[in-house]
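Heads up, the next two complexes both have chain A, just with different partners, chain B and then chain C.
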Partner chain A sequence: MIYIGSAGREYAVDAAVGDTVMAAAVKNGVPGIVAECGGNCSCATCHVWVSEEFAPIVGPPNDMEEDLLDMAVSERRSTSRLACQIRITKALDGLTVEIPPEQP
Partner chain B sequence: MLRQDINELLTQTGPGTPMGDLFRQYWIPALLAEELPEKDSPPVRVKLLSERMLAFRDSEGRYGLVDEFCAHRGASLWFGRNEGSGLRCAYHGWKYDVTGQCVEVPSEADNSSFCQNVKLTAYPLVRVGDVLWTYMGDPAKQPGLPEFEFAHVPPEQTYTSKRWQQCNWLQAFEGGIDSSHVTFLHSGGLKNDPLFKGAKGNEYNMKDTKPFFEVADSEGGLFVGARRNAEEGSYYWRITPWVMPAFTMVPPRGDHPVHGHFWVPIDDENCWTYSFDYHPVRPLTTAERQAMIDGHGVHSKNIPGTYRPAANMDNDYLMDREAQKRGDTYSGVAGIAMQDASLQESMGPIVDRTKERLVPADSGIIKARQKLRKAAIALRDEGVTPPGVNPAHHRVRSAAVVLPQAESFLDSCRDAVTAIPGVPQSSV
Partner chain C sequence: MSNGTLIVGGSQAGLQLAVSLRQLGDTSPIILVGEETHPPYQRPPLSKEFLAGQAELDSLAFRAPAFYADSGIDLVCGERVSELGLSPSGPPGSGVAATANGRELPFDRLALTVGAGPRRLALPGADLDGICYLRDHNDAADLRARLATASKVVVVGGGFIGLEVASEARALGRSVTVVEAAERLMARAVGPVVSEFYRQAHLRRGIDVRLSSGVSGFDGERGRVTGVELSDSTHLPTDLVLVGVGVLPRTELAEQLGLVCDQGIVVDAHARTSDPSVVAAGDCTVQPHPMTGQGRVRLESVQNAVAQARVAAATLLGRLDDVKSVPWFWSYQGDLKLQIAGLAAGYDDYVVRGEPDDERFSVLYYRQNRLLAIDAVNRPADYMAVRKALGQGVTIAPDRAGDAAIPLKSLLAASTTAAPAVQRADA
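Then we have the complex of A and B:
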C-alpha cells in the first residue's frame, strides 16, 4: 500500500493482511501517523484521507471513530478514517492513503 | 483531544450560545429549598447560565426568580425590602411581584398606569423535593417537571447539598461519568468513608485498576458501563446513567444510600455541584444523615452560612501530605467531593482540551461530548427538542452488579437501571 505524506512524498509499504493501516505505517517508519493510544480508537492521531477509489472498499468509520473524527481532527473529509480502524485485506491491495499535515 | 471550536461550543452557556440555549430547554436546579425557608425570606442572589437573578418568596409563600436589577436605573434588588406580596427596590421604592411584574412606582401619580408596562425578566421557580428548579427557556416549550427519583422519594429517604465549584461545568460533569479515577483518587474513601466503606464491590474496585468501558445510548443520555474483573467467569459492572444535560448518578455500594450530582453552570468559569443521596426503599438512618451533613460521601463541609467548601483553592484544599503518605487519602485532600473538586479546579477555569490525551477509559466522555454537541446543533439548526427534556427520561438509576462474563451489561440490567418506586437499588 502507499502512504502520501503531507509534503507529497510517497511511501510504498508491504503491509501484511490482518495488520491495520496504522500498524503498517508505524512498523515501516512512515512519518505523520502518531498513533498515541496504540490503536485503541481513542486519540485520533492516526487520521488519514483514503483515496477516492478505495473509499467504498474501506467503508465508513465505526461509531466511536465517527465521534473522534467529528470532534478531534483538523480537516475532516468524506474519506477521513482513523488508520488504526482499517484492517488490511486482499481487496485493499494497492490502497493509497494521504496523511494530513497535522495530527491532533 | 477536542477541537478548540467544539470546546468553546460545549463550555459556553450564556444567553444566545448554542449550549446556553440547550440548557434553557430543561428544568435545572436554581437553589436549595432551605435557602428560601419561609414567606418573606430574605432574597437570594442566583446566577445561572451567566444571568444574574434574584430568588424570593412573597408574603403568600410563592416563589419568584426575577432579574436582579431594578428596571428603573439598574440598582440591585438584593438590597430591597421583601414585604406586602412583593419585592420593593430600596432606591426609589419600585415594587415587583413574583412574576417580575412591576406593581408600584411611588413617584408616579396615583392613577398612572406606568407600572403596568414594566416587567422584569422572570422565570418559574418550583419546588420538587429539596430543590427549587427553574426553566429559563421559551415559556411555550416548558416541559413537565423533573421526575428524578431523588426528588420524589419521601423526605426522610433523601438529602441534597450543594457546593460552589470554581471551574467550568463541563470538566466537573466529566468527572461524574469517569469511573476509572475512583480506584486511585477515592481509594481512601472506599476504605474509610462511612457512606462508601464495607461493600463487596469496593474490593473489585480496588483490585482491578484497568476497567473496560462500554457506553450505551439511553433515551435521555447515556449509560456508561465500567467493567472490572470479579470472581472467575464473572465481571463487576458499575453503571453510571447520564441524563442530559447535567444529571449523573454514582453506582451504589452495598446498602449505602445511592448518590449522584447535578452540574449547573453559574457562568463559564463557575458551576454549582448539587450532590444528593437517597435510599429508594428506606429512611436514611440518623448516622447516615449526620455523615452527609458533616460532609462525608459526595457531600462537602461548607463554610457556615455559605455554599463554599471549607477546603478550597485559596487554602490548597487543606492538603495533608502526611495523610497522603500514610495512605489515609490518596491525594492528601480529605473527602470524596473535594478530592474531585480540587483536581477539576486545578485544570483551570476552562481546561484547554486541545492539549489533552484521551485513552479508551475516556470513552464515556467522548460519547457525552458528541451527544451534547449534536443536540446543541440540532436545536440551533432545526429546533429539535433534545434528549432528557421529557420527564420520563429522568426515571433512571445507577447500578452495581456482578454478571457472568458472556452477558451484556445493559440487556441484563434494564430493570436495575430503571427507577421503579418501592424497588431497592441493584448493588454489590
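Then we have the complex of A and C:
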C-alpha cells in the first residue's frame, strides 16, 4: 500500500493482510502517523485521508472512531479514518492514504 | 570515533527515545539494550487482546525488524545491563556499561528506560505453581496457556491489570473472583463514582468482587496452588491466581550511579536525573506534575513513556524544551472502555455526565471550578473534549457539563487562562 506524506513524498509499504494501516506505517517508520495509543482508538493520532477510489471499500468510521475524528482532527474530510481502525484485506491491495500535516 | 548514546531498556520509552534522537537529527551511534529476547513491543494488549488470542508477539512489535538497521539503531536483545559506571575523567555522562553476559558497552550519553517490575507478594505459599504475575510477553504467554485449562480464577488486586485479566478470563467462561484490599476498585486511578460503577458492572458480568479483603496466604497441593486465604479467614478455592498489585520501578542501576531515587528515579521536567547528564524516561521515573510542574508524580502510561522519551532525547542533544503534556490513560475491560485524561488528584468537585446505569457516562473533576480531569466510560467524545480543553488550557463550565445532551466540545470555554497552555511534545 502507499502512504502519501504531507510534503507529497510517497512511501510504499508491503503490508500484511490482517495488519492495520496504522501498524504497517509505524512498523516501517512512515513519518506522520504517530499512533501513540498503539491502535486502541484512544488518541486519534493516526488520522489519514483514504483515497477516493478506495473509500467505498474501506467504509465509514465506527462509532467510537467517529467520536474521536469529530473531536480531534484538524481537517475532517468525508474520507477521514483512523488508520488503526482499518484492517488490511486482499481487496485493499494498492490502498493509498494521505497523511495530514498535523496529528492532534 | 564517538560511542554515542546507550539506552538501557528495550521498552516503549527506550524505543521512542532512539527514534526521537534520529528524528532530531542525531547521527551518532545509538545502542538500545533490552533484557527480553524480543524487539520492543506493545505491552498494554498483553492483558487484553493477547489473552483473548487476538494478538501475538509479532503483531505487537513496534517496528519491522529491518527498521532498526535502516535507522542506525543497534538493537541488542536478550542482554541485561548489570553494571553501570560513569567515567570520572571523561566528558560528563560518558562511561561504560557491562551486561550480565560480560559484554562491555562504552557510551558518551546514557538514558535509562528500565521500566518497572510487578510488585510480588511475600506471603505463605506465594511461590506455589499457578500464582502468576503479568508484565511482559513471557508472563502473558504463560497466563494465556493456564487460562485455557483453568476453571476457578482468583485475581488479587482490583486495578487496571487485575480487572482487565478478570474480564478476559470471564469472557472465556471461567469462574472469576477479584480480591481487592482497598475499599474500592482502581482507587489510585479513578474517582469513587467510577469505582462503584465498575464493581456493579463486573458483578453483572458474573465476576465476584471482594473489596476491603486482604490476602493472608495461599494453599497448595503437590506444589500447585489450590486456594487463596483471605485475612477474614475466607477460603477461595482456585486453580489459577493472577496477582496485579502494582509495580516497583527498577531503580537498581540508577542507585549504582548514585542517582536520587524516591519510589522511582527522580527526574526534572527535562527528564534529567540528579546527574543532569543522565536522562531517564517512562515507568521507572518520578517527575514534576506534567501540567503544573508542581510536586512529584509517577505516571505509568504509554502517553508518558512517549512524551517523556521525546523530552529526554531533546535534552540529550542539548535542547531544553519547555514542554507540558496532558496525561492520558486507558483501560479496556471487556466492552467497558475507560479513558482518562488529566490528573484528578486534589479535586474538590465533580460532575457526572450521563447515566452509569447505561454503562455510558463520564465524570469530570474540578478544583476551584477549574477542570482537572475526566474518567469516561464508553464516551470517547467526552474524553477527547477534555483532553483538548486541558491541552488548550481552557475549562468546561461545571454547571453545564452535566447535561449529556450538550456535546462537551461546544462547552470548551475560550476565556479561562487559569491552566497553563500545553504544547505538543512533538519531535
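The working rule: the second predicted complex is superposed on the first by the 104 of 104 C-alpha atoms of A that agree within 3 Å, B and C clash if a C-alpha of one lies under 4 Å from a C-alpha of the other, contacts with A are read in each partner's own complex, and residues count from 1 in each chain.
In this text, contacts are C-beta pairs under 8 Å (C-beta built on N, C-alpha and C of every residue); 3 or more make two chains touch, one makes a residue touch a chain.
Computed from a prediction, not measured in an experiment: that's the story for all the values here.
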Between chain B (first) and chain C (second), which, if any, makes contact with A:19: first, second, both or neither? second
One more residue to check, A:64. First (chain B), second (chain C), both or neither? both
In the superposed arrangement, which partner chain does A:29 touch: chain B (first), chain C (second), both, or neither? second
Does chain B (first) or chain C (second) touch A:74, or do both, or does neither? first
Who touches more of chain A, chain B or chain C? C
With both complexes superposed on chain A, which partner does A:40 reach: first (chain B), second (chain C), both or neither? both
Residues on chain A touched by both chain B and chain C 36-37, 40-44, 64, 67-68, 70-72, 104
In their shared complex, at which residues does chain B touch chain A? 1-3, 6, 354, 357-360, 362-363, 366-367, 369-370, 373
Name, in rising order, each residue of chain A that touches chain B in their complex. 36-37, 40-44, 64, 67-68, 70-74, 104
Chain C residues within the chain A interface of the complex: 23, 42, 44-45, 59, 61-64, 67, 70-71, 302-303, 306, 328, 330, 332, 337, 339, 379-381, 384-385, 388, 409
Could you please specify the touching residues of chain A with respect to chain C in the complex? 18-19, 23, 26-29, 31, 36-44, 64, 67-68, 70-72, 104
